[in-house]
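You will see two complexes here that share chain A, one where it goes with chain B and one where it goes with chain C.
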Partner chain A sequence: MYWQYVLRRVLLTVPTLLIASTLVFMVVRLLPGDPALLIVSDAQDPVLLEATRERLGLNKPLIVQYALWLRQMVGLDMGVSISTGLPVAELIGTRFAVTARIVTIACLVALLLAVPLGLLAAARHNRALDRGVMMASILLLSVPSFWVALLLILLFGVTLRWLPTVGYVSPSEDLLLALKFAVMPVLALCLTVIGQLARMMRSTSLDVLASDYILFARAKGLSEQAVLGRHALPNALAPTLTVAGMIFGALLGGAAVIETIFTIPGIGRLLVDSIYARDYPVIQGSVLLVGFVYIMVNLAVDLLHPLLDPRVEY
Partner chain B sequence: MRDINMVVGAGLCLLWLLVALLSVVYMPYDPLAMALDGRLRPPSVDHWMGTDQYGRDLLSRILAASGVSLMVSALTVLAAFTAGVLIGAIAGYLGGSFDRLVMVVAESFMAFPSLLLVLLFLSISGPSIAAVILALSIAFTPMVIRVTRSSVFSLREQQFIEAARLSGSSKSAVLWRHLLPNCVSPLSILATSMFANVLLVESALSFLGLGVPAPQATWGALLADSRQYLAVAPWLSLYPGVVITLAVVGVNLLGDGLRDLVDPRLRQLVEGQNA
Partner chain C sequence: MLPETDKAMLWRLLVHRIALCGTFLLAACAEEAPRESTLRVALSADIRTTEPGVLRDSNTDDVLMHIIEPLFSYTENLEVAPLLSSGWQMSDDGRRYDVGLRRGVLFHNEAPLTADIVAWNIQRYLDPETGWICRSLFDGSRGLRLAAVEVTAEDSIRFTLEEPDSSFLHKLANLQCNMGIVHPDSLDADGEWVTPIGTGPFKLDEWRAGEFVEMSRNPEYAPVQSPRDGLAGNRSPQVQTVRWVVVPEPAAARAGLLSGQLDLVTKLQPADLFDLKYASDIRIHRGVSLDWNVLLMQTEGTVLDDIALRRAIAHAVDADTLAEITAGQGSEANPAIIQPTSSFHRSCMKAGHVYDPELARQWLSRSAYAGQPLTLMANKRFPAMFENAIIIQHMLKEAGISTQLEIVEWTTQLDYYARGDFELMSFGYTGRTHPLLSYSVILGSKSDNPMMQWEDPISLAYLADIERGSDDERMVDQLCELHDRMIDQAPLLNLFNAMAIDAHVDSVSGYQTTTFNKPRLWGVAIDAETRTSAR
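Entry: the complex of A and B
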C-alpha cells in the first residue's frame, strides 16, 4: 500500500521534472540575441560564427536541440561558463555545497526552536505564552531577512565587534573561524523560518490536541509531558516538516540576498552574478540544479509524511 | 485579541495607503534633490529621518518609495489573481485532461523558488518596472491557480451546484454565479499572504539591484543603498527596514484577521502555499 503510494508519487515527479527543464530551456532560448555571438571571440568572422552555431547545435530544429540539451544535462555536461571559462557543472557544484550547508543549518536550528514553541503555544492556547509566541512569530516572518542581516552586522560586527562582519571561510580550512563567519548568515536566515514554522506547528498542534485520542490519553491519566511529547508531537510534526521542506528548497535559491550581504560564494550569489554577466550556461545550470533539488526535497517530504502520521490517507 | 490583530493590521494597511496618496501631493523635501553640504546627517528637526550620501531627505525618499512599493505589489497580486482565478476555475470545473495539463504546468512552475523564477525571467527582459511586475506575476500565478482549482474542485460535487446545473444554468453561469463566489474566502486569505510575500520578494530584488530601476526607488532599494554606510549612518538602514516590516506585519495581521473571521480551518490550506 505504502509502496504503491511511493511509486505513484515518484512517477508524478517525472512530468514535473520534464516541464521544469523545458521551462529553463525555453527561457534561455527566448533570450534576445544569438548565443553564438556571446561565445565567439571574433563576432565579425562569419566562418567562426557558423562553426560555433554548428557546435552548439543552434542550426537544428528546436525539438532536436531540446533532446540534445536534455541528454547533456542528464550527463552533467552543462557547458562552460562564458565569463570564467570553468565547466558549469563543477562551478555550480562547489557553490551549491556552500549554500546547502548554511541553509541546512539554518533550517535545523529553526525546526529545533519552532517545533517546541509551536507545540507549547498550542498547549497554552489563548494564554500569555501562546499570544507571545504568535506575536513574535508574525513579527519574525514579516521582517525582511536582509534587513535582519544588516542589523546583525551593525550589532555584532560594528558595535560589539564580536564577529567578523562579511566573508566566508570553508570549514575544511579552519572550523572555528568558519563557524564564526556562519553565525550571522545562519541567524539572518533562520529567524524568518522560525516565524513560519512556529505558526504552522501551532495551528496543526491545535487540531491534534482537540482530537479524541488526545482526550483519551489525558483521561488515562498520562502526564501533560507524555501527552504532548509522545502523543501529540509526532502527528503534529508532519505538516510542519512538509512546510520546512518547502522552505528549505526555497532558501536554496532565496539565500542569494543573504549571500550577497555576507559575500558568501553560494549558488544564489553565483546566479545573480551570472545574470549581471549574462552568463547563460551558468544561469541555466544553477536554476536547473536548484529546481531539481527543490523537487526532490518535496518528494522526500511527501514520502516521509505518511510514515510520520499514520492517519494520512494515500 | 483577534479583533486587535485585525484592527492593527487594517490600520497599518490604511496608513500605508494614506502615506502613498499623501506622497503624491506633499513631501517635506524633493526626494531627489541633492544637497552636498548636508550629506549623511543624522535625524534632526529639519530631517526627521536624516539624510543620505547625497544629502537627500530620507523621509521624503521613503514617502516617495511607499507609492512605488504599493503599486508594484498591488499590480502583481491583481495580475496573478486575474490570470490564476480564470485558469484555476476553468481547470477545476472542467476537470479531465485540461485540468491535468494545467496542474502539471503549475506544479512545474512551483518547482522553482519564487525568487529564482523571478530572477530567471528578469534575466531575459532586463530591468524595468513593467518587467518586474510581469516577472513577479508569472511567479505567483501558479499558487492562485492551485488554490482556486482545489476550491472549485471540492465544491463541484456539492448539492447546490448540482441543483443549479439541473435547473438549466449554463456552464459559465454555474462557474461564475455559484462556484466562484464560494471560493472568495480562501482566495482573499491567499491574496493577503501573497501581498506580503510579493512585497518581500520585490524588496529582495531591489536589494540585489535587479528590481525597479533608479531613479524610482522602492523600500528595498533604499535598504540596498544604505549598506555601504551602515557603520557611519545606521539610520539609513534602520528606517526603511522598519517601514518594510510594518507594512508586511500590517498585511499579515489583516490576513490573519480575515482568516479567523472567515474560517479558522482554512489556515493550513493557505499556509502550506506560503513557503
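Entry: the complex of A and C
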C-alpha cells in the first residue's frame, strides 16, 4: 500500500512536468525579445541576425522547436545555452548544487530555532515569552529578505569587516572559508523562514497541547519535559515539517534575490539571468529541475508523516 | 505553569540551539589570509565565452582584451595605432595595405607570432562557420570587401581591398569586433574553440561560470615601446593576478569596494557615487565616454514622419540640463554622433537644436500634431535611458507635446527597436571609434534594415564617398555636411555622451578611466602594504 502510494506519486510527476514544460516553453516564447538580437545587436546587421536565428533554430515553427526539445529531453540532453554555448545540464547541475547547499543549511538552522521557539511559546501561551516570540516572528515575516541582506552586508561586511560580501567559495575547496561566505546568505534566508515556522509550530503546538491525551499525560504525572518532548512535539511537528518542505522547495528556485545580492552562483540567479537573455534552453532546464525537486521534496515530507504520526496511513 | 526544572530544561534547549548557530557563525568568522598580489575587479555580469567576437557582450570584450590582442588598437583620441603590427603602408590606389608584424611577440604557449598565423586568423574570422559578428564589415555586404589576404614575408601580411576604404584600419581595430589574434592551438583538432591562447599581457587561468575569471601576468609579454595611450601603447602588466568577480548587483559591488573585498569597480552610475564619494580610501575617476544617449523618433509610419513635429521636439528638449542631471558633473550636451575628444570632431559639429520652448511651440503649430499622446519607450536596466525618458516627458509637456511612458524590460525594448516598432524611444548606443562606424548604425534604408534611424539618400552618398576617400580634410568637410543634414532633418536627437565612472581603493595605482568605458588593467599596480593596513 505504502509503496503503491510512492510509485503513484512518482509517476504523477511525469505528466506534471510535461505540462509544466509545455507551459514554460510557450510562455517564454510569448515574451517579446529575441535572444539572437541580444547576441548580435551591436552589429546592426539584419543578415547576421537572420543567420544567428537560423543557427539557433529560432526560425523554425514553434511546434517543431518544442518537438525537437522534447526529443532532446527524452534522450536526457538539455541542449546548450544560447547565450554562452555551455551545456545546459552541466550549467544547471553546478548552480543547483550551490543553491541546495545554502538553502538546506538555512532551512535546517531555521528549523532548529523555530521548532523549540514555537513549542516554548505554546507552552507559555499568552505570557511574555509567547508574546516575544510572536512579535519577533511577525517582524521577521514582515521584513523582506533582501533588506535584511543589505543590512547584514552593511553591518558585518562594510562596518565591522568580519564577513565577506562578494564572492563564493565551495566547501570542497576550503570548508572554513566556505562557511564564512555562507554566514550572511544563510542568515538572510533563515530569518524570514524562522518567522514562518515558529508561528506554524506555535499554532499546531497550541492545538496539540489542548488535546485530551496531553491532559492524560500530565495527569499520570509525566514531567513537562516528557509531555512536550515525547507527546506534543511529534504531533505538532508534522504540519510544520510540511510547511518547511514547501518553503525549502520554493527557496530552491526562488532565492534569486539573495543569490544576486551575495553574488552566489545559484540556480535562482541563473534562471533570472536566462530570462533576461531569453536563453530558452536554460530557462526550460532550470524550471524543470526546480519543479522536479519541489515535487520530490514534498513527496519526501509526505512520506515522513506516518513516521511522526502513526495515525496517518496511505 | 511549568515546574522550575522543566523551565530550566526548556531554556537549556533554546540556549543549546542558539549556541549551535553561534558556533557556526564564529567558525565562519575566522580570518582569511589576504591575497595581496591579486587585483580584484567587479564584473557586472559573467562573460559569455572565451572566444572573441562571437557570443560577445561588453563584459566579455573587457576581459578578453587583456588576453588577446588585435593588429591595431586605439589611442585615447581615437587614432588607430599599431599593437601586434609594427606599422602599415597603403598603396597609392588605397586598395592595398602592407602590414608588418612586431618582432619578438610570443603567444602564451611561447610560440612566436607569424604572418601565417595572422592570415589563418583573418581567414577564420571571415569563415561564415565561425559566426564572427563583424564578417559583414569585410565581405562586401556593407561596402568594404576584403579581396585577398596574403603572407608576403614571415613578419608581413598584405590585405587587398576590392575598392579603397578609408575606414579599413578602423574596422580591423573595431572594439565590438574584437578581432584578436590567437594561436591555432586555441582550437581543438575538430576546429572547436577550447581556450584563448593570445599574446596579451595576461593569460587566462580559470573561468568559473557565474563566479569569476582569473588571469595571471604573462611573463613573456613583449610590449609596444610607446607609452600607454588609450588601448594602445605599452600594455605591460603590473600585478601578478587579476580576478574578475561576477557581482551583478551594483549595491553589492559598492559594498565590496567599501569593505575592501574588491579593488576596482567600473561602469558606475552617477547615483552610485552617493555611497562612495565620502569614503576617504576610495578614489573616483570620471571621463566622457564614447557611448552616447539619444532620443529616437520613428520617421516612418507614425505621426513623427512630420519634420515640423520632430523639430518641435528637438527644440523642446534641453540636452544640457539632461546631461547635467542624468550623467552628472562634467557631462555636456553633444548634438553630434562623434565624441568631442575624437580627432574627427570639429567645431561645426557643435551646432545643434537650441533649447527654445517658444520656437518649439512655433514648429508645433506648423505640424499636423493634434495633441494626441506620443508613446515614449524606455527601460530600467540602463538608468540613464529611464531618467532621460522621465525628464524628456516633462520637457515635452512644457512645450505642449503629450507623451506617455512605456517602460519595458531591456530585451523587450531591443526587440521593438530592431523592428522599428516605436514612436519615441530613449536609447543609447555603444561607442563607435570612427565616424563611418557611428553613422553606419543610424544611416541606411529602413526597409532593408529597420534598425536604421535616418533614411536620406544624399547623406548615404556622402557616407559612401567618405568610405572611398583618402583625403582627411575632404572627409572632415563631408562630416560637417552630414552633421548639418542630420540636425536639419532631425531623424533622431543626440543628447550627450555617457560618463565613464570608475572607483578603486587607495592601494591601487596607475588606473585611469578611458574614453572607451572599458577597464584597462595593464599599467595598474596594487600596493600590498597599504592594502593590508586598510583592512
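We take it that the second predicted complex is superposed on the first by the 247 of 314 C-alpha atoms of A that agree within 3 Å, B and C clash if a C-alpha of one lies under 4 Å from a C-alpha of the other, contacts with A are read in each partner's own complex, and residues count from 1 in each chain.
Rule of thumb we're sticking to: a contact is a pair of C-beta atoms (placed from the backbone, for glycine too) under 8 Å apart; a residue touches a chain by one contact, two chains touch by 3 or more.
As the structure is a prediction and not an experimental result, all values here were calculated from the model.
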Check your understanding: Does chain B (first) or chain C (second) touch A:V143, or do both, or does neither?
Key -> first
Check your understanding: Is A:A250 touching the first partner chain B, the second partner chain C, both, or neither of them?
Key -> first
Review point. If you stack the two complexes on chain A, which partner ends up touching A:Q65: first (chain B), second (chain C), both, or neither?
Key: neither
Review point. Given the touch rule stated above, what does A:T260 touch, chain B (first), chain C (second), both, or neither?
Key: both
Check your understanding: In the superposed arrangement, which partner chain does A:S223 touch: chain B (first), chain C (second), both, or neither?
Key -> second
Check your understanding: Looking at the overlay, what does A:R131 touch: chain B (first), chain C (second), both, or neither?
Key -> first
Review point. Can A:Y294 be said to touch chain B (first), chain C (second), both, or neither?
Key: first
Review point. In the superposed arrangement, does A:T52 touch chain B (first), chain C (second), both or neither?
Key: second
Exercise for review: May I ask you to decide whether A:A277 touches chain B, chain C, both, or neither, giving the answer as first, second, both or neither?
Suggested key: second
**Study point:** Set intersection of chain A contacts, chain C complex versus chain B complex
**Key:** 31-32, 150, 153-154, 158, 260-261, 278
Revision key, fill the gap. So, in the complex, the side of chain B touching chain A is made of residues 1, 104-105, 107-109, 111-116, 119-124, 196, 200, 203-204, 207-208, 210, 220, 223, 226-227, 230-231, 234, 237, 240-241, 244-245, 248-249, 252-253, 256, 267-268, 271-272, 274-275
Check your understanding: Where on chain C is chain A touching in the complex?
Key -> 2-3, 5-6, 9-10, 13-14, 17-18, 20-21, 24-25, 27-30, 32, 42, 45-46, 48-49, 55-56, 128, 131, 133-136, 141-142, 176, 208-212, 245-249, 251-253, 255-256, 258-262, 381, 408-412, 414-416, 418, 430, 440-441, 448-452, 535
Review point. Which residues of chain A touch chain B in the complex?
Key: 15-17, 19-20, 23-24, 27, 30-32, 126, 131, 138-139, 141-144, 146-147, 150-151, 153-154, 158, 196, 199-200, 203-204, 207, 239, 242-243, 246-247, 249-254, 256-257, 260-261, 271-272, 275, 278, 283, 287, 290-291, 294-295, 298
Review point. In the complex of these two chains, what residues of chain A are touching chain C?
Key: 31-34, 37-49, 51-52, 55, 83-86, 91, 94-95, 109, 112-113, 116-117, 120, 123-124, 150, 153-154, 157-158, 161-168, 176-177, 179-183, 223-225, 228, 260-263, 265, 269-270, 273, 276-278
